[in-house]
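Okay, handing you the structure first.
We call the chains A, B, C, D and E, going by the order they appear; numbering starts again at 1 in every chain.
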Amino acid sequence: MDIAVLAGVGLALFMVLFGIISGGGDFAAFINIPSLFIVIGGSIGATIAANPKDIGFKIVQISLEALKEPKIDYINLLRTLVSLSEKARREGLLSLEENIEQIDDPFMKKAIQLVVDGTEPELLKSMLQIEIDVMNSEMSLKRGLFESLGAYAPAFGMIGTLIGLIQMLKSLNDPNSLGPSMAVALITTMYGSIIANAAALPLAEKIGKRMINLEMEKTMIVEGVLSIQAGENPRILEEKLKAFLPANLREQYEAATQEATA
Amino acid sequence: MDIAVLAGVGLALFMVLFGIISGGGDFAAFINIPSLFIVIGGSIGATIAANPKDIGFKIVQISLEALKEPKIDYINLLRTLVSLSEKARREGLLSLEENIEQIDDPFMKKAIQLVVDGTEPELLKSMLQIEIDVMNSEMSLKRGLFESLGAYAPAFGMIGTLIGLIQMLKSLNDPNSLGPSMAVALITTMYGSIIANAAALPLAEKIGKRMINLEMEKTMIVEGVLSIQAGENPRILEEKLKAFLPANLREQYEAATQEATA
Amino acid sequence: MDIAVLAGVGLALFMVLFGIISGGGDFAAFINIPSLFIVIGGSIGATIAANPKDIGFKIVQISLEALKEPKIDYINLLRTLVSLSEKARREGLLSLEENIEQIDDPFMKKAIQLVVDGTEPELLKSMLQIEIDVMNSEMSLKRGLFESLGAYAPAFGMIGTLIGLIQMLKSLNDPNSLGPSMAVALITTMYGSIIANAAALPLAEKIGKRMINLEMEKTMIVEGVLSIQAGENPRILEEKLKAFLPANLREQYEAATQEATA
Amino acid sequence: MDIAVLAGVGLALFMVLFGIISGGGDFAAFINIPSLFIVIGGSIGATIAANPKDIGFKIVQISLEALKEPKIDYINLLRTLVSLSEKARREGLLSLEENIEQIDDPFMKKAIQLVVDGTEPELLKSMLQIEIDVMNSEMSLKRGLFESLGAYAPAFGMIGTLIGLIQMLKSLNDPNSLGPSMAVALITTMYGSIIANAAALPLAEKIGKRMINLEMEKTMIVEGVLSIQAGENPRILEEKLKAFLPANLREQYEAATQEATA
Amino acid sequence: MDIAVLAGVGLALFMVLFGIISGGGDFAAFINIPSLFIVIGGSIGATIAANPKDIGFKIVQISLEALKEPKIDYINLLRTLVSLSEKARREGLLSLEENIEQIDDPFMKKAIQLVVDGTEPELLKSMLQIEIDVMNSEMSLKRGLFESLGAYAPAFGMIGTLIGLIQMLKSLNDPNSLGPSMAVALITTMYGSIIANAAALPLAEKIGKRMINLEMEKTMIVEGVLSIQAGENPRILEEKLKAFLPANLREQYEAATQEATA
């Protein structure tokens, strides 16, 4: 579970509730089933039309998936690559075959398998790059789903409000109904804005930022595996990969390594 | 037919109808022929002016075309390339001439024809790249058509509403006509917003995402054909192209292949 | 004349007129000379300030130029390049000097002249590329002019409406004048929106799309001329350049060629 | 002085005045000192916070500088480079030392000095490129200043209007003061919009377009100086640099050259 | 402390206060605790959801950090690199080990350490580039935090205003409460707009512009260190790095150098 998504969306929605409560707490005034249908139905319809068939129809499944955070353990990754490098120097590249089973990350697993199979460096590099591109393109299709939703929800909110206003204005003879009718019309805009700003757009941004991190991790693995294949010194490999770590993780890694060697 | 476009646009429009019905169902209040003319005529006019002549005037034909989904069968594509690669290794590049007839995809057909004709690898690559660029540029002209429509429809909706408001405000002497006149003025904005958000913008997005997929497919074919021409091992070709498949298709392909060899 | 610009802008403006007529046809209500001055003067002023001196002051001349469509005849271009290639193979590069006179396109004229003068391939390529860059940069300055106008016209429309509203609100004592005053205030916004959406923005888009087509055409010429200079086989040149043609033109070219050889 | 900026901004502001005069000319209704303070103070504050210290605090000085137009005389530049090239061919690169004094442009001065000093071509090229990058980065910081101002002025205009509306609505008991209070509230939005659209945004655009021209000029100098250093034929240099000139300047240059040689 | 941020944000906020005071100074009318909660809570919630966990939860800490200005002393940097270059030429690369302690900048420290360790030029360059990329990616995550806040604050401001309007319109029976209720509803929009325009967006811009400067500085160090490693002439190094200085710093540096050598 990505605790930041849950906590953030939860906090944002709670604040909306708090606004309603602090204004008198008349919840009924904020619930309007047709408005909900127009906004959710309309924006999901437009989102399905705008996205590839196999992505658009799985909108609920992808939303649930987006709540899971891909775990990236840079320190462990660096340690694994250094130890594989050391083993390869001592016992040869073929000896890495024994370690493939223990590798969790499927991308790294495949990369090491290709090294053991004796794939040419150029081919290895281009195959791993294609994998990264395909991963990026799948994630950006998922991000596109939430971007669509975040754009169409306010639009259908406004369409719903226009429908409500037109209905209200057509029958303006009863001035007492003016206020409540207008309130109902505005609810649709509010729903659209909440869906976009408290859920769809933050999720789209989050997926975009995960993409950057995952690409960084994969690039680190590619650098490491190519260095192992080339038989580079494990110390140089370590130095090179440490450059990928942000300052705090680097200190953490160095502390842990010193402890281990002490 | 692209079922996602039909279902999505259908759902979005149904939700708008539902909003009208649930508010009393006075359909007549939402129909205003002059408003429809201003929005549709104005935005189609601006779209025609903004786009190349041969694209702009075919706006209806291109809309119908956009409902068709280009079918990309990655698994079949991979299988065809692998089997062509095996044949070329066994019987020589010239033997592929017999297979050209059976290839459906015109891009792949042309690529194999060029290989059989003995085109230099560099020239082959640059000719296929030009084809991809021309395809992309044609598709992005089509996408541009719907982007124009999606931008001008709300703009002419607003222009129509301003016309209605000015007419209403000029003759404010009858307070009873105020409401209905304003309702009519707002209908134009509503039409513009529906055209943009339930049709034009989703179609523009959809074409953009199709472009990404088609370019991926063509890149896969180029990689495959160059590998065949270079006489690479069919197993390496297979591994390389499998990297293009998203995870679920890769499993499907492997399952199918295992079955076939079992 | 670019018939699409004329027809499109004409249709869009007609629809605005139609909206006014269908609402009663009180044209006088929509004409306000000061509003017209504020929007046109203000947005032209800002556009002149935002653009290079020699471009900004020629705004009318450039608008008229933008109505002319640059004619690109791909088929004729391809045929000319192929026949020049055949002649160069038969009679040598110097023999092309006789043909320079008959070439219409000044870019191609210059390119062939450079080939006849014996310019080095590298220098030839970089000189032609600079010409393309300069052409692109001139066109994007022109596009920028209409983009400025399309952005400042609605802004000055809103400024005019604010001026009108402030004047109206200052002297609110006569409730009967409220409506007409507000109508006048809104006219400025309407003018700004019409100028932007029925003229300036479509023209800016159009120039942008012409740029793409012209760059494609120039790239085709560069490819062709370099191939002629290198003494490549005219059949290969033909195949290469055919890749630039969209599907419908390619068929047309092939039909015409078959006819000629039959 | 950049006459286009003065004339353009002057025209835009005059149109605003004209709008006020034509609506009755009650200037007092459009002057509100606190509104002016909120918009100018607020947007300058945000602009200072958003920009580097040494840029932000010099906002007035940079505005005055932006009124000066950098003069680019392409024809003179081309002529100077050709004559330096001829001299270098006749008397050697060292002889250019005598001409350095007469060169106005500091960039070209430095480039020729480096050539005379015997700088390696690779190093020369990379040093000149760094100069261009630094110039671009300084200019885009200046452009950024006006972009910030153009974005924050309307925002603080709206904040000022919201303050005015809240004050008005709190004390709604006197209906007669409603109109004038609302007029005052709207003045702030008007000020923000005028500052952005009649001054800040056009200046930002202008600087951006000057950047493109200056980069083109510097690129032309780099090409010329590298060609001089390589001892290329002055005629080739001339042809190469003429490609940088837009069509009208090229004719002007050719006419002037013919006259000189006649 | 970054005095420009403090002064700028201070000025902007003071102007808002001034607007309230000049309108009568009824501060109570502008304070509404629930509104504050909705805007701050809602936008922080959405920002946390949209950003990586370890960044989002440290929003306060990162805001405080953003007030510190990274000090870049180009002149000192240039002087240090030149003197290291001179020493390396006289006493060899290994002699630089003694100077490492005195270097403040951790990036330059690491670079010199790598040179002393005898790292290959290619590896050195790629390791330093990775460090720059990681630094950029960390800073752009921080910028992203304030961009999120700047986008969500006005959105939740609008949501709060919609809640207020709906509550007001539902109970429209007391016309006297209309004004004050609407005032309260508008406060939320005002808060959102102030948070975005007087704090979040300027900070996001500022971080973006710092990134450009820091990257320039790091690039200068990389150029310098590679030149030292290659044993280039310190005078050439000095000339090369002087190209990075903006005009005013270059004069300052030359004046200071002349003084020192006089």
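The rule is simple: a residue touches a chain if its C-beta (ideal position, glycine included) is under 8 Å from a C-beta of that chain, and two chains touch if they have at least 3 such contacts.
Computed from a prediction, not measured in an experiment: that's the story for all the values here.
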Neighbouring chains common to subunit C and subunit D, by label: none
Minimal step count in the chain contact network, subunit A to subunit D: 2
Superposition of subunit C upon subunit E: rotation angle, C-alpha, nearest 5 degrees: 145
Subunit A-subunit C separation of Cα centroids, rounded to whole Å: 40
Rounded Å distance, subunit B centre to subunit C centre (Cα mean): 25
Junction residues of subunit A - those touching two or more other chains: none
Chain contact graph, described as a line, ring, star, complete graph or other shape: ring
Of subunit A, residues touching subunit E in the complex: 2-5, 7-16, 18-20, 22-24, 26, 29-30, 69, 176, 178-180, 182-183, 186-187, 189-190, 193-194, 196-198, 201-203, 205-206, 209-210, 212-213, 216, 236, 239-240, 243-246
Of all residues in subunit E, those that touch subunit A in their complex: 34-35, 37-38, 41-53, 56-57, 114, 119, 123, 126-128, 130-131, 134, 137-138, 141, 144, 148, 151-152, 155-156, 158-160, 162-173, 188
